[in-house]
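Supplied in structure tokens, the structure appears directly below.
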């Protein structure tokens, strides 16, 4: 039993990271109908920022600095992507465009950092392990869970309780209507795109001590984030949270319970959810055209 | 435009085009043997060699090492193999047969190379076997480890300067059976190489009286978090673990093995790929104490190896890996065979390959066995990370 | 005409639709005789659109039933009702914008003629589909634009195309959802003329703001107020009905009675 | 991706497509009648009754004959490698056609066609090794296996559209790939090697790349013709209707899920045939040949080529393979960099994909694009 509880804990850590990464993807899709396939590349930029700044186990201050640097880099990339995707209205073209950016960014990272696998050490004070339920558990992962909770609460208040949030939600529901009301949606859209990308890049730093950094990681992370977004419901903040927690658990607890089917679990869970609820578990509210 | 004129025009164009093409006779792909271009490979004393290694994709680090190893040999021999100036054509193998097979076909049929060396991916190697066999061109596998390459699907034209999966892990079995106090848990990535590694280990391990506590395969290339498996190991009460991973999975596995506290209680064994090259650099101190089997280590004490390590460091700025040595040796084998070969054809070269005898390699002398696989010494290595960067110290020779 | 004697083509029995605690349509009873031209009017918020959507099957009924030629279709989705000869138009034209005008109509024709899943011959080899589609286009005056993209049509032309598509399904009942909303006076005039040319046997239910249009086209009019039927009868009777006057005046939206619907688009 | 449909689905409400500003006649080879539609539009206001597309139709036939003739002439003049590269492109183009049936014609972004490609390929290899080297038998068996595999798995996906469809097909593709990757009977991750060269009608083994190329070309042309027929048939019209406005189709009495299931099976068969061709020219197949990368490149070829057009995506397939296989090595393994740059360039320079690049349309497109951008920026 204790073994499975540790897996649950681990699933929460993974879920926290997935939430940070998937949130931007979901909002950008919900608000702009843009499937941002460069989201994984933005994540990887964050991971490599960590490689550059704190690879060999720096102190807490340096780690925080890396987080901030990644956020800035992510926001810049996000703003750039927002500007690029506005150049075309066709959805497949936008997807193609972001994929092109993803490939270029990935390749540039490879040129700069080489093809080798890089690992990133957790900041010194939290690099060790504690005993949880009789098993050693890395302290850093506990902190990641804490970060996930803080992020979820902060995002909840920002999106569900603030004026800016209601604007975001209204834009997800009916962009044309918000624009008709005279709101400059362009700025909101670029802002959300940049913020979402910044969050993904921060996710890259925070996941660094767990997943490291290497070429190709962007694709894996993007795929998982897509699954999270689709399961949760496109454009829905609560959906992204639920999806992230669920996929975290499927990967951790699911693997612990059914190791022989490990490679099918994530996709099976997604197919099951989509067959039962094609719009995801907690779809965003859309405008009602009565 | 009138219908008739359009049609007659098109006929004319097609006719002209076809006629021109036939007359030009600049080549054709209708011959029975794809590569029967006389003298294409060696003109004016030069020899064209194809180097097929991954330059992109997940295996790119391995490819880079191999490229550096092969080039180092050429550098050390004035760019000559067997007395001929070498025109080296490098092609990108990519991640798998999708890219690797066309690239090899291009080397042989387009670039008309005399022989191809390289190939990391086993599926690519097996996919290329028939092509080289029928083209009668030698293929020197410098990494791909599938047992079948020099087993069930062996060919006169396919030679291997690296290892077979079962060979590397099989060498470790008796040593673990001897060292481990109780049962051993087996883990590997869920693909053909992982299965072969575990099978090879299990066979010699059980033959030496070892006991298996459990066996698990993790989704290949998709597993980032090993915690559920690590918990299962802990629960099984195993006294040691044998694992096969490479690349990013090796880094994550070894690091998490340490983070979740298993490294302190349950010794970790594996095939050398678990702690080789860039992987070991990324693992750092987390890998300390991991024991692996491989046919090479930078820490081998021989003078031949010391000289090689120094030269390699000077060339590429980092320590060599087994992958680099395998490609280096492929060049050495070609050097000897080209010097001995009586003619230009693949048959001549293959005949010469059979007679190259012992190769004086940084890993220690080795020679081809009857199946074209290296007959070589394996070493038990242990990661030491007390001071400076982590290294694979040589504990002893395995037999 | 006394619709009670023959089986009504469309009959609503206590049809109800509620959103949570709000009842938008409150046990509406209504019967349309075959061939009848029936208009549904009411001030904004009277529940016309909801009633319309519930009858069409776009929305699910919360209670009561919808009968088509005596058969209960309440539980059938919109598409199944369409297969039984009951089709609707959309307030905002719902067309296949990236297809040619002809293809828009042909899509309806080929479904009715059961060749929609044939792929053994090119579509133009099915001459009867082509002919039929062109006939419908001709009937709405769009034949000249058969090869243009639907997206290139003007607003009024799109409405005409809608009508052609709906007619092409060979329906027994056509429901028009505010067909003249957003049309210019000239377009409206053309549209009314088109409506007047519709085949006699066709039963028509029309929701419309423009009362001029309503009184020109309808044989009977039903007034909806707060989700309930306020009055139902011939146009003259409705015009004279005091309760109707009050409802429109009381809602403080007199403009709805006589002005063109604003704010719909 | 048909995001409109996603939005409509998730709200459960009808989003009237008439409100979206898509009113440019030039937006699309997405257009109905991928073939003759474009000519119709560029032809302007023809009478609308006769076969106005006759002139351009003839011209297209001439071009088609010329292209096939050139492809057929290739083995006579070219060395084996370029010929086998062309065979590979043709086999891949067949896979791309199957994706185009779903994505371009029906509006369903598919990421799982590699699964049926693989099913066809493994079938062909297994038949080649164990039963017969007859190419026709292998190809037909591959086609049937693709069809069956799509019929068995397709019901999961066809209920959805838009990005949900994308993700469900991705799930199917990845799961099938995983099965192939670990199933010993088909060689697991090492793949199935040792397929003897194909024969035709009891003739000698076709060892030379040129003869194999002719066979692959013949099948590819046949598949292309069959797909073209489907696209122009009433069923093709039905599929385009679903792509344009699924809700309206339902209101017209159609059952879109049924029509989608049909085209999904059809696309599975096409992909299966493509897989058989691929296996026949490579005489080998491994899970790496049916992975995510293959599925993604096939979808991208469609997008690059211009969804809905048939020859555009085929050209896209050739371009993608050319960049990946030939350019990558010559620039030190940085093929992805070039591929990425190509993707970006296509979006900015060829808004309707390669298929948009037909002579006179080009100027119009540039003008229309400017207008569209201005409009969007204004809104």
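The letters A, B, C and D name the chains in turn, as written, and every chain counts its residues from 1.
Simple rule for what comes next: a contact is a pair of C-beta atoms (placed from the backbone, for glycine too) under 8 Å apart; a residue touches a chain by one contact, two chains touch by 3 or more.
Note that the coordinates shown come from a computational prediction; the quantities given were computed from them, not determined experimentally.
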item	value
Chain pair with more C-beta contacts, A-D versus B-D	B-D
Farthest-lying chain, centroid of Cα atoms versus that of chain A	C
Most centrally placed chain, judged by C-alpha centres	D
Rounded Å distance, chain B centre to chain D centre (Cα mean)	35
Approximate Å spacing (C-alpha centroids) for the pair chain A, chain D	31
Computed distance of Cα centres, chain C from chain B, in Å	72
Separation of chain A from chain C, taking each centre as the mean of its C-alpha atoms, in whole Å	47
Shared interface positions of chain D, touching two or more other chains	14, 16, 19, 27, 178, 182, 334, 336
Multi-chain contact sites of chain B, meaning residues that touch two or more partners	60, 190, 219-220
Where chain A touches two or more other chains at once, by residue number	263
Touch list for chain B against partner chain A, complex	57-58, 60-61, 64, 190, 216, 218-220, 222-225, 227-229, 231-232, 234-235, 247-248, 251-252, 255, 259-262, 278-279, 281-284
Interface residues, chain A side, partner chain D - complex	29, 33, 35, 86-97, 99-104, 106-108, 111, 176, 179, 219, 223, 226-227, 230, 233-234, 263-264, 267-268, 270-271, 274-275, 278-280, 283-289
Touch list for chain D against partner chain C, complex	14, 16-19, 22-25, 27-28, 30-33, 37, 40-41, 45-46, 48-49, 52, 229-230, 232-238, 240-241, 243-245, 247-255, 259, 262
Of all residues in chain D, those that touch chain B in their complex	55, 58-59, 62, 65-66, 69-70, 73-85, 88, 178, 181-182, 187-191, 193-195, 207-211, 213, 282-284, 286-289, 291, 293-294, 324-326, 328-329, 332-336
Complex interface listing, chain B residues touching chain D	1, 3, 6-7, 9-10, 13-14, 17-18, 21-22, 24-35, 54-56, 60, 63, 90-92, 94-99, 101-103, 105-106, 109-110, 121-124, 126-127, 129-131, 134, 146, 148, 153, 190-193, 195, 217, 219-220
